[in-house]
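Below, chain A partners chain B and then partners chain C, in two separate complexes.
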Partner chain A sequence: MTETPYLSIRSVGKSYRGVTALHDIDLDVEQGAFVALLGPSGCGKSTLLQILAGLLEPDHGEVRLAGADITRLPPWKRNIGLVFQNYALFPHLSIRQNVRFGLDMMGMGATEAEARVDEALAMVGLDPGLSRRPDELSGGQQQRVAIARAIAIRPRLLLLDEPLSNLDAVLRQKVRLELRELHNRTGITTIMVTHDQAEALATADRIAVMEAGRLLQYEAPQGLYRNPATAFIAGFIGNPAANLLPVIAHDGASWSLPGGALWQPDAALSPARNGVATGAACRMALRPETLALGPAAPGGLAGRIAAVEFTGGEHLVHVEAGQTRLSVRLPAGTPIEGPDIWLFPPKEGPLLFDANTGRRLPNPN
Partner chain B sequence: MKPQITGMLVAPAAALMFGVFVLPFLFLLVLSFWSQVPGSLGLDTSFTLANYVRIFGDSYYLGGLWTTLWLSGLVTLICLVLALPLSRWIVLRAGRAKGLIIGLSILPLVCGALLPTLGLVNLLSPLGFINGALKSMGVIQSSLPLLGNITGVTIGLVQAFLPLMILPLITTMERLSQDYEKAATSLGARPVVVWQRILLPLLLPGIVAGSLLVFCASLTAFVTPQVLGQGKVVTFASLAYQQAALVLDWPFASALAIVMLIFLTLAGVLGALVTRNFGRVA
Partner chain C sequence: MRTRLSDALSLVVVLTILLFILAPILVLIFSAFDGGNIFRFPPRFYSLRWFEAALNHPEYRSSLWISTLLGVISTLIAVTLASLAAFGLVRGRPRYGLALEVLLLAPLTLPLVVWAIALLSIYAELGMNGTLPGLILAHVTITLPFAARIMIATFKEIDPRLEAAAKSLGAPPSAVLRRITLPLALPGLLSSTAIAFLVSFNDVVVTTLIAGAGWITFPVRTFSRLRTEGIDPTTIAIGAMIVVFTIVLIVVGQRLFQLSRRL
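On to the complex of A and B.
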């Protein structure tokens, strides 16, 4: 495993007018992978994408692609495909001319270029006979043309900048599946910037979670979901995301909850078993689908049902426990007796985070 | 809104335009087909094409027309070349100073023609600032002729009408997403090619609008060519002025004005054709 990665980003940093947009990012991408850069707006993910595309120059650090340093290579020499949120199809050119643009820039002959345009349009499921203008197409079709234009040049890297954000909810799910299938067919190394965790979980092989210009965690979707490195990630990944219960170790056996109520959980979840000193403040992540509801019993948390949402396959129960609110996912048809109810977390190692740093506390057992 | 109410709202402006623009224009048109009774202020109201024959048959007037046309074209071109990078800089880089810079660049428009032009006389005259500076630096021995010729008039017109080019260009550029350039660049287009194939076609409506404004303003400019040309540069507007105010041949002056209007209309039609055939904006 000492093989050099296809794309390697080494301590890349960037500031704008004294504000640091990226702090020393290190990231490796294997050839043929689909990586999502995930984070809220302003986290630096788009800045990183622009650096990869060559549209921004980093203040320091190095970007290597296929073994060569491309940090300062101008964008027009990179052969990297770029797809934008607003499609950015050239409005004065026809659809075929748009897709052909990059091929013309290479100086490719007309016959070959036309064949490549057909191929690229077919690849994204569009009729190659389209001679219309971009503004005559729907948003979903425009995005397909934009993808065809980017892959027609057979890029070394395909960069997608929030490619689905301008589409409506139904279309977004459809196109995101198509993106993944397209990637499976072409094998082009792809990096997608998104703020939508569901999009990242559904499409990417690995997800790089960013916050405030830093890379927090770089992991496969399932690993990210099971083992979030910070409270931020736990509270961000999954739909709905994990409940983050603020707790303070009261003694070895019980936690005090916001508002002062005491909670004596199952031994596996106690402060003592998790190495939390008395008085230390933590946040406990409780996944909505791992919580159970029932009548009063030892280890439970007393609560009161605030609302129940029916989503088709399941119920989403919103429970108020003391001063916090937790959501619980139950399969449709589960009887729910309320409004007073008890919550039961799973009896295994909990996900605990330091309340100040947000970092995950080591699991001692 | 009900049509009657809309009509009532439009009526005052329409009446005003009819009274102060349409009527005088129609009068001008009719007048241009009349003639002056020689040696008097009386008008001969029988229909004649003599005024137009005189304009297109006399090398003095034809020369004035030709000078005015190519001078206007030159001014338009210079304004375009100066305004493209300036507007782009204002749109992309000016940041917080943007409002101030736009304000400064349209200042010539709100100053009127006379004040800046008189300032330019000082700057351009044989003893003026530019010649003085160049002489003291030893670049030139004797003064450059910057006044009383096409050079001075061109400088003056560019100064006066640059804002007419900048404003439509800025408007067009601000509506243009920067993603077009980024997309083209990532597809392998060098900056020059991005300008040729993407930016210029997409900016065409703004370029045409700005060029039309500058061209028409230059074509009809009177004060600037008069002051900076010092009577030695004969433009169409100055010919019309001579005939109307000095010679008092109103029918001939009217014909000159109508010819000027025809060229303004032609420029407008040309601009519309160019935009329709080559430009498309999202």
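On to the complex of A and C.
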């Protein structure tokens, strides 16, 4: 028996005045999952969210929720909770009235509705006795009210549009943990739109990376980190993200680097072993935490230390190698001898991408 | 030191301007209580005889009634039309929205006399001169741009995401309008109603040309008596009553408005 996914998006596309915002998106979400739609602004993630909420109708394609086609269902019949970036609290209503709004729309009786309001406010950690107006609350509190309002209706799906980007850096870390904990407690299937990869990695079960209206990769955070499908993802995920070294296959054993220097790496990293024809241009992703520094030795890349940042638990070393700059993360206390230094990539499974298409080259093994 | 001096200076300037604006109103109110037969300031002795005369004067009474009736009906029509047009322009974002908006506000740029003469010849063709529907229609057209301006600004200030959030919480469009859009547009609705009524109530130019003898509004009556008999103390008393009535309305409105925000 094949299980049908809880939410399924099938070849959904949308254009605005001739500009394609979404190209045939396919995406399945399991019940109870926390999915992040991740991408830079203008990648189409917000358009997709609005289609899920019913605020936009796709040009083509189908959205199914719990087995039913909801593509053309108006938003007020969907029972999908929506939290906006600016919270969109009703300014003329009190906080309790805001949270109660959806329950009133269901025609729920006063006693039951009041109990649900208490429950939703407690769920987000707000005092149920709060009798103030939305504009008298801090940004963080307003966001809690917006979340309480959305979960009070016990939605089939919770949509979060950049929930953290209006908060300051300290609060952001705290709230993203709370979002994850709230999801663990309620089990509501959640889709969060964000442009912040750290936010997506920290909260989501699966991340859908989008760029220019296309879905590039849909995977669990670790998988995405370990096996990025394109150079764009490799250069986007992680803090700091992978170094992307432009290389051209000089012959079967060595690469030429920008500026013309030759690099003969360990055999596992050679063009021949990775099936790269002589003369082909690639980009090699080197994760900052997998690079080692040391004295001259075979397989190394010659470089020069430009700067060292101390971040508490570790050092972030910026190395100039030829005409590119690579960052290296080392545990605090590692002795760093400079300024001339050699860089050593790990000796297996390089991440190589086609320089033109950005696509990952298949690993030989 | 310097800021102190400039603060004092700007206070003096502000007070002078305020005095300049408000002085005629003060003169009006004081003179209304004068017991003499002609307009003077300051009054020699005080009496309420002109108030009594104003309230008993049949022509003024009928003119005030006509002005009020005309103002209320044309304001209701103008504000309703303006709100619908503004909502459509702001939320619907039609293809030629900007052109429509400019067209809607265009009557503001035309001198009323020119406009009234054009209207007069159209009305003559239609046989509508001197009729109440014709007068109401004319007043709707002169008040509509003011109401539309305010309502366009009002709807532009309401975040469409509030309406989207309400929809996602299960509110169909009628409930969104009743529970979200209208309450948020209420201050705009009230001020456009007030402005439209005042524009209608104040108008002399268009009304003089269109109304004929049957529908003489208060400002037209006052103006014509001014021309024939000079300043009539009765009009001063009526003016004073209108000023007091307006002030009471503003104070009450402000109180209510503040109150509604606190609730």
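FYI, the second predicted complex is superposed on the first by the 364 of 365 C-alpha atoms of A that agree within 3 Å, B and C clash if a C-alpha of one lies under 4 Å from a C-alpha of the other, contacts with A are read in each partner's own complex, and residues count from 1 in each chain.
Definition applied: a residue touches a chain if its C-beta (ideal position, glycine included) is under 8 Å from a C-beta of that chain, and two chains touch if they have at least 3 such contacts.
It should be emphasised that the depicted structure is a prediction, and the values quoted were computed from it without experimental measurement.
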Superposed partners chain B and chain C on chain A - clash or fit
clash
Pick one for A:76: touches chain B only (first), chain C only (second), both, or neither.
both
Identify the partner contact of A:258: answer first if only chain B is touched, second if only chain C is, both if each is, neither if none is.
neither
Could you say whether A:135 touches chain B, chain C, both of them, or neither, answering first, second, both or neither?
first
With both complexes superposed on chain A, which partner does A:90 reach: first (chain B), second (chain C), both or neither?
both
If I apply the document's touch criterion, which positions on chain A are contacted by chain B in one structure and by chain C in the other?
53-55, 75-82, 84, 86, 88, 90-92, 101-102, 105-106, 149-150, 153
What residues of chain A sit close enough to touch chain B in their complex?
53-55, 75-82, 84, 86, 88, 90-92, 101-102, 105-106, 133-135, 146, 149-150, 153, 159
Residue positions on chain B within touch of chain A in the complex are 177, 179-180, 182-190, 193, 197-198, 201-202, 278-282
Touching residues on chain C, where the partner in the complex is chain A
159, 161-162, 164-172, 175, 179-180, 183-184
Which residues, counting only chain A, touch chain C once they are in their complex?
53-55, 74-82, 84, 86, 88, 90-92, 101-102, 105-106, 149-150, 153
